[in-house]
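For reference, the structure is listed below as structure tokens.
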Amino acid sequence: MTLGVSNISCVRGHKPLFAPVSFSLQAGQALHVEGDNGVGKTSLLRIICGLSPADAGEVLWNGKALNRLHPEAVEAFRATLCYMGHNLSLKDELTALENLLFDAQVAGRSLSHDTAMDALRKMGLNTRAHLPLRVLSQGQKRRTALARLSVTDAKLWVLDEPFVALDAQSLDSLCVLLASHVQQGGMLLYTSHQAVALSQPHGPAVDIRPLRLVGA
Amino acid sequence: MIWQAFCAVLRRDLLLAWRRKSEGLSAVFFFVVVAALFPLGIGPELNVLRNIAPGVLWVGALLSSMLALQRLFEADFRDGTLEQMALSPIAMPLLIGAKMLAHWLVSGLPLVLLAPVLGLQFDLSGEALVTLTFALLLGTPILSLVGGVGAALTLGVRGGGVLLSLLVLPLFVPVLVFGAGAVEAQVSGLGVQAHLSILMAMLLPALFFGPLASAFALRIALE
Amino acid sequence: MNMFRANFWLHYAGPQAFYGLAGRLWPWCAALAVALGVWGLWLGFMVAPADAQQGEGYRIIFVHVPASWMSMVIYMAMAFWSVLGLTFNTRLSGMMTRALAPTGAMFAFLSLWTGALWGKPMWGTWWVWDARLTSELILFFLYLGYIALTSAIDDQRRGDRAGALIAIVGAINVPIIYFSVKWWNTLHQGASVSLTKSPSMAQVMLWGMLLMAMCFWLYTIALVLYRVRTTILQRESHTAWVQTIVQEAA
Amino acid sequence: MIWESWTQFWAMGGYGLYVWGSMGVTSGCMAIEVWQARSAHHQHLAQLRAEHEGHL
């Protein structure tokens, strides 16, 4: 399982956003995308996921370019991908539990009621699971979205600013979740302004590779 | 698995529509009000009303489904749900098809059910009312399916609402012609078979290509 | 002939090469358009005799019919470039489609305008809900929709692709619209008018019309090439070769 | 030549208004279109030149 990125660049207006980016990510590795505001971190993640096209270069999954020429590679890639962007794709009118259940089904995964409740409990939302999201605080909404990570079987996590708007306790539990994902052979790709150490309780810290985006 | 995802999207959208009742109902009320305005503008002469009824009811249905179309993808676009659909391993046209079905059940089906009642105000005969209902039953899904492409293309675009009508209304002409034509043919004693078959013949390809083209348009909008 | 090799076409599909090619071609097209226009109008107004039924009024066909043809041809050309653009992802396609649209809309408008001016003396009314006129009106709306959509989207690539999709959807619908309007027209037994099918159309009238049609073709080609050059300059303004051109022009 | 005088030519057998109305609007539209394309081209060139000089 390899994610390869070779010479990706992205043009907005007439100007390239960042200098061409290349890296490869194996199972059990984490990559932290850093860079100044507006340098294109979100754009890079969206290109890697296949939401936007790259202006040059390509994204490879297990050595095959992710484009129209290889539809089966794209499908296999999507089945192993879990993307969380700025917009959390939560519905205010649905309860936290409903959000979690519907989301899994749309992603083609089956999720039992109990597993979902369990995941919400881990995020400290057990008393809130049956309330419409409208009445939850911003932090609680983010935790609802993050609860998805503990129920997904996707191997590649692509997270845009996952640590924003979390209190100390939920930050810790998220770090544990990310660390155990990577140490169990998952792949993690995230952007963040803050440097956060990922480790399981009493375990070794995950070796995070930095990737610094620089303006072109 | 695929079926499960289809049902999940359908159930979610229906549930959302149920919890946001006022949104869905406004387009239906619009239809009722527009249909009631015509006699006021034209006069209560029953012969005239009977003649214009098919056209008026169809144009009303057309405009009210235009209004509803603006909300088809709007919320999902803003909150990131569409991104998740685009990245799902389930084929996107299928998920979009489920959304369109839900949308039609909420905004199209009520028009079909209300039309006969409104037709009574225009003194349409029993058979004409039946024909009107059947024509709307076949025609309103086409409006949702074709209009979905326009709704997807105008997402997040300046002046999206007006633009949507400019893009989509010309494409609705065939549905209007055959839909209203069916009722007129019924009233004037000609068979309605031909009109309804043609509507059916337009519905089938629309069922296939509508979600496909909309999914493609949504990917463009998400770029 | 190297014209039949794929490389040849790919070469000219690149903006820089196309800029040069278009720059060399458009003056010839424009000159030819003027020559054909003068010749066509000469035949139409100085040589062709008056029509037996319509008198001198028929001379409107020398612009009306070619304008109607062009409005349809241009929409098909837009659909063609759109298919090409969506399948091969060439940058040129979007520019061509966008450059074609205003001219197509203009011809659709001219077709409606001259149709109305013809209708008034011939059938006593400016507008008839005839199948052809009605479909032409809807075609005009389709052009307006395309132009409105592409100009409302700020991102170039997104605008190109969205426009391509709506152009294709429109092109698929044009025959269906025409068919439905025709059906509607026969059902209502309204004005069914034959504008051009006078059976014994004099040879010279036909020639005048064909020459005018060719004039409009070349006018369109010249103008589209010219417009695409402007768009290329704008879109490729950051490249070295455009900088050189700008420098030389200064 | 089929016309005996210019007046006859302009009158177009009583259809002058319609025939010349069509021709006039057609040529007017084309002229506007050509003028617009030209001015857009020159405007872009001028703008690019200004940007270019700004860079120097």
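Going by the order they are written in, the chains are A, B, C and D; count residues from 1 in each one.
One rule holds in what follows: a residue touches a chain if its C-beta (ideal position, glycine included) is under 8 Å from a C-beta of that chain, and two chains touch if they have at least 3 such contacts.
The model shown is predicted, which means the values in this text are computed figures rather than measured ones.
Novice: What's the chain with its C-alpha centre farthest out from chain D?
Specialist: Looking at centroid distances, A is the chain farthest away.
Novice: Work out per-chain C-alpha centres and flag the one nearest the whole-protein C-alpha centre.
Specialist: Looking at where each chain's C-alpha mean falls, the closest to the middle is B.
Novice: Quick one: report the Å distance separating chain B from chain D, using the average Cα coordinate of each chain.
Specialist: Those two chain centres are 43 Å apart.
Novice: Just give me the whole-number Å value for how far the CA centre of chain C lies from that of chain D.
Specialist: 16
Novice: Please compute the C-alpha centroid of chain A, do the same for chain B, then give the distance between them in whole Å.
Specialist: The answer is 37 Å.
Novice: Mind checking the centre-to-centre distance between chain A and chain D? Centres are C-alpha means, answer in whole Å.
Specialist: 58
Novice: Would you please write down the residue numbers of chain C that are in contact with two or more other chains?
Specialist: Those would be 157, 237.
Novice: Can you list every residue of chain A that touches 2 or more other chains, as numbers and ranges?
Specialist: 53 - these are the residues of chain A that touch more than one other chain.
Novice: What are the touching chain pairs in this one?
Specialist: The list of touching pairs comes to A-B, A-C, B-C, C-D.
Novice: Contact residues on chain C for chain A in the complex?
Specialist: 157, 235, 237-238
Novice: Under the definition above, what is the set of chain D residues touching chain C in their complex?
Specialist: Result: residues 1-3, 9, 12-15, 18-19, 21-23, 25-26, 29-30, 33-34, 37-38, 40-41, 44-45, 48-49, 51-53 of chain D touch chain C.
Novice: Provide the residue numbers of chain A that touch chain B in the complex, in ascending order.
Specialist: 49-53, 75, 78-79, 81, 83, 85-91, 93-94, 98, 102-103, 105-108, 110, 132
Novice: Can you check the complex and tell me which residues of chain B touch chain C?
Specialist: 146, 149-150, 153-154, 157-159, 163, 166-167, 169-171, 173-174, 177-178, 181, 184-185, 202, 213, 216-217, 220-221, 223
Novice: Using the touch rule from the top, collect the residues of chain B that touch chain A in their complex.
Specialist: Touching chain A: residues 1-2, 4-5, 7-9, 11-12, 15-16, 19-20, 78-81, 83-90, 95, 222-223 of chain B.
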